[in-house]
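Each of the two complexes below includes chain A, the first together with chain B, the second together with chain C.
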Partner chain A sequence: MKVDVVLFAHFSGFQPDGKGGRHARTFDLDEGTTIADVIAMLGLPDEPRVIFVNSRHAPEERVLVEGDRLAIFPPVAGG
Partner chain B sequence: MREILRVNMSTLTISKEPLPEKWARYGGRALTSAIVFTEVPADADPMGPDNKLVIAPGLLGGTSAPNGGRLSIGAKSPLTGGLKESNSGGTAAHALGKMDIAAIIVEGVPADKTVAYALRLFPDGKVDLVPRHDLKGLGTYETVAVAKGIEASEHRYSEKVSFIVNGPAGEMGMKAAGIAITDPHGYPNRFAGRGGLGAVMGTKGIKLIAIFEEGLKGKEHADKDAFIAAVRKFSGALTTHAVTSQALPTFGTNVLANIINEAGGYPTRNFSSGQFEGVDGISGETMREITVERGGNVKHGCHAGCVIQCSRYYVDEDGHYITKGPEYESAWSLGADCGINDMDTVAALDRKCGDIGIDTIEAGVMIGVYMASGKIAFGDGAAAMAVLDEIGHGTDLGKVFGDGAEATGLHFGVKNIPVVKHQGLPAYDPRPIQGIGVTYATSTQGADHTAGYTITSNVLAVGGTVDPLKPEGQAALSQGLQIATAMLDSLGFCIFVAFAVLDMPEAFEAIHEMAAAHTGDEWDADALMQLGKETLTYERLFNEHAGFTNADDRLPKFFLEEPLAPHDVVFTVTDEELDSVHSFVPEVAAQLGIK
Partner chain C sequence: MDDTNRAPDLTDLRPHRPEHVEVEVPETTLDPALRARLRTCTVAIIGCGGLGSNVAEMLVRSGIGRLTLVDFDTVDERNLNRQFFFRDQIGAPKVVALAENLQRIRSDVRLDLVAERATHDNLLGIVRGACAIVEAVDDADVKAMILNTCLTELPDMPLVTASGLAGYGSTNAIVTERMAENLYVVGDLTSDVRDGHPLFASRVMAAAAAQAHAVVRVLLGYLEP
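And then the complex of A and B:
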């Protein structure tokens, strides 16, 4: 299945193509893949994260489905 | 012993008086709000002689409390008509604190409306008021350059001077005018932006306040060892929490652009969509990449003692300073809300706002409203700059623009005008992020994100989580944060310390330990919250006396009726819940003996 993955702030350097940037990369994943699986695949650092699937907050155990957009942020704030 | 410095512009006299004992525990916002409540009639003309401009460092101003150098400026707001506290960084607060000045109160108006004065405070305690007609009408940057050249040669104070500066928008009495404060490098790029306080400063005839701090020492503490221990504890928390130690120093406040956009709450083209296709061009990540490539500074504090360091400078292609790295709200208002996706354009607009002395949030929201009228197109950066030029030149149309989003929207017949209590909404749409809608609606300040920053739990997973799309729990979340924010503003802390405080109990403990060790008074968690409640009670009661009712604590109708993409939601927190936010006010008013 195809899932778009976007990474922000210092996570963007963990895109598999090594090119950084905040644009989406399309991943071809097995059915049943969870967000945690994607995080392990990317090798993201072991720190808190804020995760959205299709613009809604999602837990790491969420099973992704075809066409999802997965966005992962390190802890950020401002204002 | 802290003192009040009273400057009467009707009589051109200056006096000092002891801070009244009843306000001994107040600083910053608690003090500006208590003074305005007590000394300014609620029905006063904000532009008249009865209004007062009150400037106060926090209770810990002048100490080494980490991130404790914020400045509060208060008055009756010409924009909202209510009690206003506008909060800024810059170096002035610590300088005033070191001078033992609890507050400057500027009252009266000069008989001659054409004058421009400089109020000067010297390290030996001398204060004077000198005519400076040469500064009249100058932009904030030129004002500082001219003043600094003369003051430095006269007094041999090289870098140790802080300026509080009014721009031409304030001198012309525009309701969106802010007041600039110089940063550690002397740039007038920190702003008490909101609520039109520059217009109040303009009526007083004061163009700038110069605070010379050469040789001033940090304040003494009742218990120095305990204070230093608490400072270390607090600093340790701020330099440990991921937000205050990594994201903010690396990317600045504008690191928020992508996450608020991802959450669908990034107001785009006058609040007509929750996502902006051009967000990456104006994001914190892009700003950092451009600035690093051009050799600009990407990490410094806006005042001494800041350990977060979220400030940065935006530079041109040759590496020359243009403006501070636009904050998240400024990049949003002058960017996404106007459909503008180019960082250089946003920075040029930000610089223009800073130079003419106008609030970037109100300016961007105003331009977005003007674009919605169809007079100019969304995305047209040159047209946006022309709007700011009208303000700077003081044309008839510029005076409409300079009075902000509501004045502009009414003038051009725009249907959706995003304001509460006449003040433009900041950078989070209240439909998909309902907690911030409660803050916008109920804050004593008008629409103001900083008053109760629910984005923490609604979006950022800081201080727990509250589903942003549902109404449940939002009123309680907002109430707690409004109280805590009023407390931080009163002690002089940057509100970004809250990100650590909300997640780390030791950071909260360190705050009351610093207050206790510095003052020698008893401070604990309950006392901190009481300080916040008392501050809000002065503000709420003043607003009631000025004619505000619960009907003013509401969002504009379109947020309740027009669903916002991508979540297709409207604001659903009930009126009853909104009215519960200030439930503590009667009890606290009784404790204070005020009505």
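And then the complex of A and C:
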């Protein structure tokens, strides 16, 4: 199945093409793949993060489906 | 001492201070129904430091009716370079000092003060009934907790967060983005105080102004930043 993946800020450097940038990359994933599986596959660091699927918040255990748009945002400190 | 070096005494030049002063956008430029809408709204501000104290000031001046102010901390000397506090408030709880300052601007603003650390357990109770939430804490873990909790449990409540406001970078890099359906993110997304970037009043307040304006826009019905 095809899923678009958007990584914000410094997470974008973990896109498989290594080119950074916040534009979506399309991943070809196995049925049943969860968000946690994608995070592990990308090797994202264990840092605070907020996850959206199709512009709605989603938990890491969510199973992705064809056509989903997964976005992961790491808030940074300062306020 | 030479009198010419002294600061002039302006006491007698201060005009009469009326009891009630109307502080909001004038009716001549904002529809009364929209002014009334702002007056009926409650905005919860989580964190009353560099972002939150300045967001609160701007929302009060914009005519928001009620604010919930949340912060566990006290005013410190090191806060005065960017936060809306004064020297004689050092040591006071931030929510108390901020309430004093806001009521000096607009005596009729309604304020609910929560002198506690926002946690996963108390957050929903604190923000219940608000029209919008402003995330204005400094710690990245707590930011993520607030976003994850509110977006999960209150997905229809607008939430304005900030990420990336430290350092010398141009304020032009601070943007407001609707990252998800009800999530507005202000900042450059990258400049992190943990990387040793300083916090300048000018840049922090630029982010605070963008947060406050995002709230005003959303409350007026403009959903795009």
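Here, the second predicted complex is superposed on the first by the 75 of 79 C-alpha atoms of A that agree within 3 Å, B and C clash if a C-alpha of one lies under 4 Å from a C-alpha of the other, contacts with A are read in each partner's own complex, and residues count from 1 in each chain.
Just so we're on the same page, contacts are C-beta pairs under 8 Å (C-beta built on N, C-alpha and C of every residue); 3 or more make two chains touch, one makes a residue touch a chain.
Given the structure is predicted, the values throughout are model-derived calculations rather than measurements.
Colleague: With the two complexes superposed on chain A, say which partner A:A71 touches: chain B (first), chain C (second), both, or neither.
Modeller: both
Colleague: Is A:H10 touching anything from chain B or chain C once the two structures are fitted on A? First, second, both or neither.
Modeller: In the superposition, A:H10 contacts both chain B and chain C.
Colleague: Touching A:E47, do we find chain B (first), chain C (second), both, or neither?
Modeller: In the superposed model, A:E47 contacts both chain B and chain C.
Colleague: For A:R25, using the defined touch cut-off, is the partner it touches chain B, chain C, both, or neither? Pick first, second, both or neither.
Modeller: In the superposed model, A:R25 contacts neither chain B nor chain C.
Colleague: Give one of first, second, both or neither to describe whether A:R62 is in contact with chain B, with chain C, with both, or with none.
Modeller: Touch status of A:R62: no partner.
Colleague: Looking at A:G79 after the superposition, I want to know if it touches chain B, chain C, both of them or none. Which is it: first, second, both, neither?
Modeller: both
Colleague: I'd like to check the shared interface: which positions of chain A are touched by both chain B and chain C across the two complexes?
Modeller: The answer is residues 8-10, 47-48, 50, 52, 55-57, 71, 73-79 of chain A.
Colleague: Name, in rising order, each residue of chain B that touches chain A in their complex.
Modeller: Interface residues on chain B, with respect to chain A: 241-243, 246-248, 250-256, 258-259, 262-264, 275, 280, 283-285, 310, 327-329, 427, 449-450, 453, 455-456, 459-462, 465, 467, 469, 495-496, 499, 566-567.
Colleague: What does chain C use to touch chain A in their complex?
Modeller: Residue list for chain C touching chain A: 47, 49-52, 136-141, 143-145, 147-148, 151-152, 155, 161-166, 179-181, 183, 185, 187, 189-194, 197, 199, 204.
Colleague: Would you tell me which residues of chain A are touching chain C in their complex?
Modeller: By the definition above, chain A touches chain C via 8-10, 47-50, 52, 55-57, 59, 71, 73-79.
Colleague: Can you tell me which positions in chain A touch chain B when the two form their complex?
Modeller: So the residues of chain A touching chain B come out as 6, 8-10, 12, 22-23, 47-48, 50, 52, 55-57, 71, 73-79.
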